[in-house]
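Following this line, the structures themselves.
Same chain, two partners: subunit A is paired with subunit B first, then with subunit C.
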Partner chain A sequence: MRIAREQGSSPDRGYKPRILVKSCHLQDHTATMRSLVFVLLIGAACESLADKMRLTLQMLISHGRVARKMGMGPQSRINMLRNILTGLVRHERIETTQARADEVRFYAEKLVDYAKKGDTDEKAMKMASFWLTEKDLVPKLFKVLAPRFESHPNGYTRMARIPCTQNLDRAKMAVLEYKGNPFPPIYPTKKQNELTLINQLLKGYREERAQLFAAKS
Partner chain B sequence: MATRTVCQLLQRRYASTAAAVRPPAAEVRNQRNAVFAREQARQRALYPRVEKIEVSVRGPGLDGTLLIMNRGMSTPLSCARHLTEHHVTNSALALVDGELWPLHQPLTNSCSLTLLTFKDSDPTMVNQAYWRSCAAMLGQVLEAAFKDNYTVELLSPPEVPVTLGAFCCDVALDPQLDSWTPSEETLRSLTRGALQLIHQDLPWEPLEVVPSVALEVFSHSRFKQEEVEQKAAQNPKGTVMLYRCGDHVLLSGGPLVARTGLCSQFEVTALHSLGQGPWGLHRRAQGVSLPLQLPAHHMVWRKLRQRAEKLVEVPRPEEATPPSLPDSASDQPATTSV
Partner chain C sequence: MAAYAKGLDKLIFSLRSLRNLQLRNERGLSTSVCRPSPREDNDPPKFTPPPKPVVIDKTQTVASMRNPEFIPPRQRTDPFKFSMERKDMVRRRKVLNIPEFYAGSILAVTMADPNASGKMNRFVGICIQRGGKGLGATFVLRNIIDNQGVEICYEMYSPRIQSVEVLKLEKRLDDNLMYLRDALPEYSTVDPDMKPESCSTSGEVPVNKIKVRMLPKPWSKHWERPRFGIQGIRFDLCMTPRQMEFVQKWAQPWQEYDMLKEYDTSRLEEQIFSEVQREMSKNFLPHKVSKLNMRYFFAVKVTDPNEEQRRCCQTRMRSVCPVSPYRRCLHTAAAVIVIVSAVAIVAAVITATIDITSVSYLFALSPPNPRADKKIVLSLSLSERHNANNTNFTGTEETDMAWGGSGGDDDDDDDDDEYEEDEEEEEENHSLLEIICVYF
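Let's turn to the complex of A and B:
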């Protein structure tokens, strides 16, 4: 099974290398809180900061906030997702961390929705050229992926969680793929043997039923 | 016992005892058994000293296994015992040097052995052997089912492809039973008899004999003697294969599976009358069965049983196209997957 690793070519990779023990897919809130408390303490001295933002307790508590933070900020996050998405469009099946795969899924499907509009559409072309950092993939998106998913209303991607044994930091990995790719399936189906006794009996039964049905009509 | 149940159900009591042309069934059985046992002992005594042969076993995960077995004593089953319990319980037939070999027949030369199960990638031969064994078991049950004063003549069971849905055993009953029609309870009691045989887990012991010994075994049955001659003429070696299951000796056209315990679901579904033949009123007993390794859900089993109740038209190779009756399950022979 050929699973390609994500490759980024954009200058701002946006993610930290995996050698660090702290898993970099989820922001560490304790660090944020500590830094904010530190800011608050210093805030008395830095009045300019207090002029710019309202320093509330809600900022420190993140109950119910579902949006993930990745990398070094929102721009870094988008760049990282762009790299991963480019890798997905190029290879059609990639292996990343579970959180990144989950994030990219939304953008991957939206990209295909835009591609379905056709390459004459200006907005679609702008989106494609922004999100795909390697420009030779733009024709692939419009000419290969969009026609493939013409009959699908939604659900162009499949994500499968895999066990993480190779990583040093034991980050949870997942495989993300576009449906209809040429690789063998992630979940292989066991084929029933047609020639076993019970299948032969059932085959005879079905043929007889079909004959009777044909004779009736 | 199935005999007692069927006798209770058969309400016919004739005043005059039918002149027994042949001795009672028990005596016939004992005589056949005795001849079989004698011939088996004689064949075993041909190898007084233990000679070794090399058997190389083929199979998934077994390639390259070499077993040193005894000539004339070791059977493919004993080779399986050297492997694993899974092989012992699941193997139904063996392939020795490309030839189908019953599991209980002794090996005579160094050879390559493959154990066949019901779940192989190509179990066609095993399916046919299983169908033949089920027909043989049906014949055995029919023979034991009737009272001693009624003769039961087992005719040669036709070779039925598995896709027709039922195995059949042709039988010609006593002329006194010509107007007897079997009821549902009769069929159920026959089924119970067969299930008892399955529960006893009797092995089918094969024996290759010269026609003269086979003629002696079947000395009370003219039909069987003709059949022996026919089979001996067809066989290039001139010998005839006899099988013994419990105390019933039978003649078979091909190899049978190892033992009765391999079947799990067994049902005698119908007993059709075919018409007058040279031996009396021909009746065709039909049944359907599945092995232990391939269980069926009760819904599926019910459908298969209903199909097996219909008369099965055996496709004859002499006719160009078999006649298709509206209530017969006749398929073209080409549908058998080979």
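Let's turn to the complex of A and C:
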């Protein structure tokens, strides 16, 4: 639940562009069964609602359903994902909630698969123009992202879950990025300090060994 | 099945197309010499060779459409389950010829029914739906009999099904013709005594672009809603334009772009159909196939076009015709009778040489005596050497005890005395007697 902001502040697109990211660790997801049971109980309680809505067991059981429920319905979900995907293509690294990042990840990779088919393909162009709400990103997709991932068969995105939440609602956030972006890495590699004693000794040892080997040959 | 027939279809199609092209050239174009233009009188006319025949093999384009039940759905089940099912499906298809058909084609199915007179049940109808995957694949036939609409859902791989004939092969604008329930009855009536119609000479299946008139509303389902995507109904006759606009409220245009809902089966199809083709061509047992079908398998040129067309309708897939179970039973029964008779003849020959009484003794043997560890020797004499007084058989001392009881009709006391006497006599007559030893 987002708190209403004052007028004049930046619009809530559902994501936030991110350049530098702090270290992360894994977190658990909460179950959504509670909400479903709650809905059903409420439905059972109100008889008028029971008359209008068919309360089937199918509603509770979600076997094999891969798409999460987001927003205010399937259309709202697709629109939200579209916005986030557009932001990802523009900024190449964004911060959203973990659930949204997970959903968008699938669509981001599929979009790149379509982009790989090329500019001339009708279906690819239709998909690109549907999913990217800002039309200046369509050429970027075909001319920058598609050639970048030509050698990769799959796995164009990277998702990292973030521990600290600055939000008031304590929502779990994640960072989603396209690989090969120009920003510093999410998981920075720790550089070994060469000036420590042990490293200096090891360096000397390696040099001596190399000299011996050169002298032999 | 499908894939094998593919090859044959291709061959025959190519033959046909070559023939047709040749005819066309004969009729229309002058292939040999071009007419010289008025300007270039001095240059000799250029010979333009006739264009090469382009064989567009349409039978191979969409193999999945012909047999959709081979493609597994998008599930978390182990692919091994589907491969096992496919093996069984191929086995069944080798026995029963399941031809190619689509929703909208007219089929006649004969099924074994214990309650029907003549044990068989024939139903003719229009196929409205093809559902299910794997061995549970079904198809629903609809017909109207005595003003009563009847729909029967048949399982394609059920052993009760004796034959599936395609009377008219065609496609419709939709894959699912369930709306025929709410259409005028004339669109669902099929003549039960319909004869198989000739199929088109090209490999393509004809599409019947008929638009069906509906009964007044309410219908069983809201067929006008975009979620069904029905093309084959005349909505202009049953609904106003305002109603049509109102119905668009249920349209979900984003579904077309939802990449999650896409199931790309191209690679899977290739793999599966090549596998099926291999299985169908494997384990081909010629002795079980009738002479008629041998011709199909070895792709002999069929010269008579009428015959070709007739065969084309009855078996669009050229494959093994089923050897009916009755014929197989007859074969096995005949074999059994032959063997039994042979055995009987041999036995008769043996009995002719040996006395019947001695044979009865041979067969009326008592159970082995646990005391008698050593072999028990039974000697049978020929009828010529047979002494009237003596008993027919002799035995060692050990066996006398065993045989005493079953020696015959005489009393036990008398038997003992007789044995003592016989032993002395036997030592002389051993060389004359023929001994048949029976070992326990």
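The criterion applied here is as follows: the second predicted complex is superposed on the first by the 127 of 217 C-alpha atoms of A that agree within 3 Å, B and C clash if a C-alpha of one lies under 4 Å from a C-alpha of the other, contacts with A are read in each partner's own complex, and residues count from 1 in each chain.
FYI, a residue touches a chain if its C-beta (ideal position, glycine included) is under 8 Å from a C-beta of that chain, and two chains touch if they have at least 3 such contacts.
Keep in mind that what you see is a predicted model, and the values were worked out from it rather than measured.
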{"item": "Which superposed partner A:Glu194 touches (first subunit B, second subunit C, both, neither)", "value": "first"}
{"item": "Contacts of A:Lys126 with subunit B and subunit C, given as first, second, both or neither", "value": "second"}
{"item": "Partner chain(s) touched by A:Gln75 [first = subunit B, second = subunit C, both, neither]", "value": "second"}
{"item": "Touched partner set for A:Tyr107, first subunit B, second subunit C, both or neither", "value": "second"}
{"item": "Partner chain(s) touched by A:Asn167 [first = subunit B, second = subunit C, both, neither]", "value": "neither"}
{"item": "Partner chain in contact with A:Gly204 - subunit B first, subunit C second, else both or neither", "value": "first"}
{"item": "Overlapping contact positions on subunit A, where the subunit C interface meets the subunit B interface", "value": "none"}
{"item": "Subunit B partner contacts - residues on subunit A that touch it in the complex", "value": "193-198, 200-205, 207-208, 215"}
{"item": "Residue ranges of subunit A in contact with subunit C within the complex", "value": "64, 66-67, 74-75, 78, 106-107, 110-111, 114, 126-127, 130-131"}
{"item": "Residues of subunit B defined as touching subunit A within the complex", "value": "118-119, 121-124, 126-127, 130, 162-165, 288, 290-291, 294, 296, 300, 303-304, 307, 326, 329, 331, 335, 337"}
{"item": "Residue numbers on subunit C that touch subunit A, as the complex places them", "value": "75-76, 252, 254, 257-260"}
